[in-house]
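This is the structure, below, for whatever I ask next.
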Amino acid sequence: MPFEPVILFFLLGLLAGIVRSDLKIPGVLYESLSIFLLLAIGLKGGIELARYPLGSLAGQALVVLAAATLIPLVAFATLRRLGRVPRADAASIAAHYGSVSVVTFAVAASFLGRLDVAYEGYLVVFLVLLEFPALLIGVILAQQADGQTRWGPMLQEVLSGKSIVLLVGGLLIGWLAGPEGIKPLDRLFIDLFKGILAFFLLEMGLVVASRLGDLRKAGAFLIGFGIAMPLTGAALGLVVGNVLDLSVGGSVLLATLFASASYIAAPAAMRIAIPEANPALSIGAALGITFPFNLLIGIPLYHDLAVRFAREI
Amino acid sequence: MPPKLHSRQLLTIICEADLERQLVTELHLLGVRGHTITDARGQGAHGDRDALWPTSANIRIEVLCETPVLDAVLNILEESYFKSYGLVAFVSEVAVLRAEKF
Amino acid sequence: MPPKLHSRQLLTIICEADLERQLVTELHLLGVRGHTITDARGQGAHGDRDALWPTSANIRIEVLCETPVLDAVLNILEESYFKSYGLVAFVSEVAVLRAEKF
Amino acid sequence: MPPKLHSRQLLTIICEADLERQLVTELHLLGVRGHTITDARGQGAHGDRDALWPTSANIRIEVLCETPVLDAVLNILEESYFKSYGLVAFVSEVAVLRAEKF
Amino acid sequence: MPFEPVILFFLLGLLAGIVRSDLKIPGVLYESLSIFLLLAIGLKGGIELARYPLGSLAGQALVVLAAATLIPLVAFATLRRLGRVPRADAASIAAHYGSVSVVTFAVAASFLGRLDVAYEGYLVVFLVLLEFPALLIGVILAQQADGQTRWGPMLQEVLSGKSIVLLVGGLLIGWLAGPEGIKPLDRLFIDLFKGILAFFLLEMGLVVASRLGDLRKAGAFLIGFGIAMPLTGAALGLVVGNVLDLSVGGSVLLATLFASASYIAAPAAMRIAIPEANPALSIGAALGITFPFNLLIGIPLYHDLAVRFAREI
Amino acid sequence: MPFEPVILFFLLGLLAGIVRSDLKIPGVLYESLSIFLLLAIGLKGGIELARYPLGSLAGQALVVLAAATLIPLVAFATLRRLGRVPRADAASIAAHYGSVSVVTFAVAASFLGRLDVAYEGYLVVFLVLLEFPALLIGVILAQQADGQTRWGPMLQEVLSGKSIVLLVGGLLIGWLAGPEGIKPLDRLFIDLFKGILAFFLLEMGLVVASRLGDLRKAGAFLIGFGIAMPLTGAALGLVVGNVLDLSVGGSVLLATLFASASYIAAPAAMRIAIPEANPALSIGAALGITFPFNLLIGIPLYHDLAVRFAREI
């Protein structure tokens, strides 16, 4: 199976955390690098966007959004019916899985780049679009729960959340300035992207290691869910990619988006919107299981499936 | 001769960093006229809050106020926060200069 | 009516950042059920601790506990830490909500 | 038996970060033998101090000392700082180990 | 009017701040990037400096310094006479406007680079020279005010201030090591400069948004002052540039220096030296009005004027 | 004598500290840059390692390790006999000098790069190997002292210490991924290395300036020791380099390793393992004397000696 070196940084961080190394990446560095990554992904998408007619994208976007709505609903039903998970927790977890992981997307793009597999650059737009609807769905699903929902602060939190602002802002800047205008910034935002992604994955390894304790709280059902759910999402993504006539690379990215679970926007928003939900469960599953699963097994697998799928047709 | 000191209550709240915006808004609605925040990490009933990433960071909020405002804040903490959030609150008696500020 | 407050001890320890891991482990072995840490700098008998690099940084640890645990911690500090480390410790009486936590 | 505790004053000053160097120098001239600083943000009569950049950051200074030094410091704060700077100061009674340090 | 993409990052930060996004750039990142920018600007200037005879520069520097002295005096008189601003505040504001903004200078240089307009590389030396005399003038102007002036700490604050140390230090290193010696460092200090400037402008947008409240305290007069003063300074700069036979690019940079107001060195120094002055006024005007004005309108305008000016002669 | 520009950044920081500038590099930036440097050095070493047969390296490594064991022993004996330094302090200082300074190594490599002197890339492996044995030797030497040794936490501290984890992790990643796999990361880890080293040396200058006060506590004997010890270590390194038939460049690097004293891994480990030792002494000597001595005088001198040595044979 092809193998992407940035993953090794994740494994190094994971190992360092597990052996209780005193390697601590300062929280401020985590925030700084995540700001960089979000902005850079937005910029790249914006530059690509300029090449496509916005009209045709709108149609595709609607299909993707509609399909993506299924994910939190399926997740919620599974958690409630099969797992007997309390309503608030099920809603919060569903929101995490309905939303997307920017870093998982970046690793998939880097994986494709390494194999020289082309993909539609405008997929970053879907990344942006998929980030927040699931959060709203999660809140609606939680609503019959005991606590009162704090819609106001929640919407504020989501729509002006840092990931939306940086992704959309980057998109707009890239789109307005165009490839020529951005060129002097390429040295930072393009050339260093992969190195900084590697650095960030080292941090993610440390963070995941520190969340492994949560898995015990999560229990066997949630661990299984953390593997089954991305597979389900990826399958849906591959089908939708096929319906929309995406390239193999595009289908892999869409599958990865559908398979990934948010751990930047969702935790903060859910903490405010569904206070009764236990964050150890959602973060344990999303970060402790699904994130490493996608990085280590998921992405190469989705690529494999997309290639076979394309051949069969 | 030293300046005159007046007795006030100092409330210290240690909680999840994600609560900062909401809790500060609520405090000022209840009549608090100032607050001070420092970034923190720690451990408690909700496990290890190691501040490796924003989701696992704590903050430490200090509020100087008089008893009526303090009581209002303590009530809100008990009603809306204690059940769902990792949060510790304690009160100490302190002596302030310029009592009219608090 | 405000929620009921209970008296507890608040121990504050200011020490070299390099001690964090070892001291926290020791505290929890002695029965402490939670702690809060903030990064600090300062000056004292051991000179200027300016936090320019990890070796010259301080931390500030707070522990809410009851008297027996407090006494055990103070004993350890005196026996194993005071002689060799830059370390300051002080105790204040505070009022906590949810006394069963500490 | 726990080590013996002695009563001392703990002065906490919250002020603009730009004052750090000057205020610390002044404190030590007045006889203070140590201090601890943590970075802070907050809100008060001088508006929002959000620590987004150095100019809007606060610091939180703690000083353990005896009453005569405390009085000297409070006098200086009142004379030279209160009028022009965003600054809050409060005093609490604490119990210290190794009283000879402060 | 030509358009410089790094400005878009400033606007993004401004917007994020205004909609109260939770995008918060850590203060430590702000400090780190400003250290980088100051050092990089110094280095570039030092490399350029090696190309010019120091003797002829000294003459030009004297003219520039003498002219620049006018700025805080004019500002002070205007504030006192027209605005009836208290002495301490007028002195502090005058010091801010007499000193210079390093980031505004960098944006102007980047603007010229984009239009392929050449400029005298040694202008960075003037940037350094202009930074602190105005601060001393401000303190002298304040002196008849009630408070006692703290000359000692103030001089210490200014002369060993971080911006002077980094700019002068960078200049010296660039000058001593020369283009060849610096080459292995180019990847960081030259290639990444513009990207990091963009990043810093994002932060500045957030900071400016958080200072907009100060404008209400500043009042209409000070807002007008925040626009009139850079225009006056720029006009003086263009004239001096002409007298010194600077290129069009050089004149634009000098105009920008004269038009800009300090918000790195001045606020800290004034806080210690003139405690009675209300920082909300000086920072509200310098950062809330003059900084965005120069970025969005001033720099292109000064360029326009410099081109016309050059043609007429 | 050839002259390496990154040294100028160190001198700038030193000067800024001495004049009590308000230039303060945030502690978080210090930590972030040191993580970068450790990881990048490891990566480079790992890529080089792939080119050499591991078997032959093992033999060389044993010789180097055996020779290096002499350093803390000689240091300890000197401190006890000649300096009458208390046992705990002598043991702690010996551990600092027995271990190595990663930044000194990087400056030496950069010095050689500038002179186009080739060296064996696998020397990074020795850097890793030399880091921790001396720490254990230090603890053993201290053992007859009053305090009880905390072996457990000490071993944990050393073996899972951040410098070991990052160096070894970088080595493994570089070795596994190979030059091709690392290539997309080169923009960050290779191209920016020297610029970031310069930045870090600026910080080191500030740190050293703040430690100059410790020198008074250290006293004349320890100051002399801080110069004599690196000379002794370097001599040993040159001999061993000759025995192992290293190139001139390789001998210089080995001499630098033997001459350098640790100030990242050692202080933290010794603080836990030998609490009675006064850190002002070990850090005053290692950082206040030996680090600047090696940077400013040592490295060019060792190169000079290595060249002569090679010629004579």
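We call the chains A, B, C, D, E and F, going by the order they appear; numbering starts again at 1 in every chain.
Everything below uses one rule, namely that a contact is a pair of C-beta atoms (placed from the backbone, for glycine too) under 8 Å apart; a residue touches a chain by one contact, two chains touch by 3 or more.
Since the structure is predicted, the reported quantities are computational estimates derived from the model, not experimental observations.
The chains in contact with chain B and with chain D alike are C.
Think of each touching pair as a link: the shortest run of links from chain A to chain D has 2 of them. Comparing the contact residues of chain A and chain E by number shows a mostly separate set, under half of all numbers used being common to the two copies.
Should one ask which of D-E and A-F has more C-beta pairs in contact, the pair is A-F. Averaged C-alpha coordinates give centres for chain C and chain D that are 19 Å from one another.
Between chain D and chain F the centroid-to-centroid distance comes to 39 Å (mean Cα coordinates, whole Å). Taken residue by residue, chain D touches two or more other chains at 21, 38-39, 92, whereas all remaining positions touch fewer. With touch defined as above, residues shared between interfaces to two or more other chains in chain E number as follows: 22, 24-25, 28, 31, 192, 268. Touching pairs of chains, sorted by label, consist of A-B, A-E, A-F, B-C, B-D, C-D, C-F, D-E, E-F.
Those residues of chain B that touch chain D in the shared complex are 2-3, 5, 8, 10, 24, 28, 33-39, 62, 64, 92-98, 101. Considering their complex, residues 24-25, 27, 30-31, 147, 150, 153, 203, 206-207, 210, 213-214, 263, 267-268, 271-272, 275-276, 279-280, 283 of chain A touch chain B.
Contact residues of chain F toward chain A in the complex are 28, 31-32, 35-36, 39, 156-157, 160-162, 165-166, 169, 172-173, 176-177, 181-182, 184-189, 192, 268. By the touch criterion stated above, chain A contacts chain F in their complex at residues 5-6, 8-9, 12, 15-16, 19-26, 28-29, 110, 113-114, 191-192, 194-196, 198-199, 202.
Residue ranges on chain B touching chain A, taken from their complex, read 16, 18-19, 21-22, 39, 47-48, 50-57, 80, 83-85.
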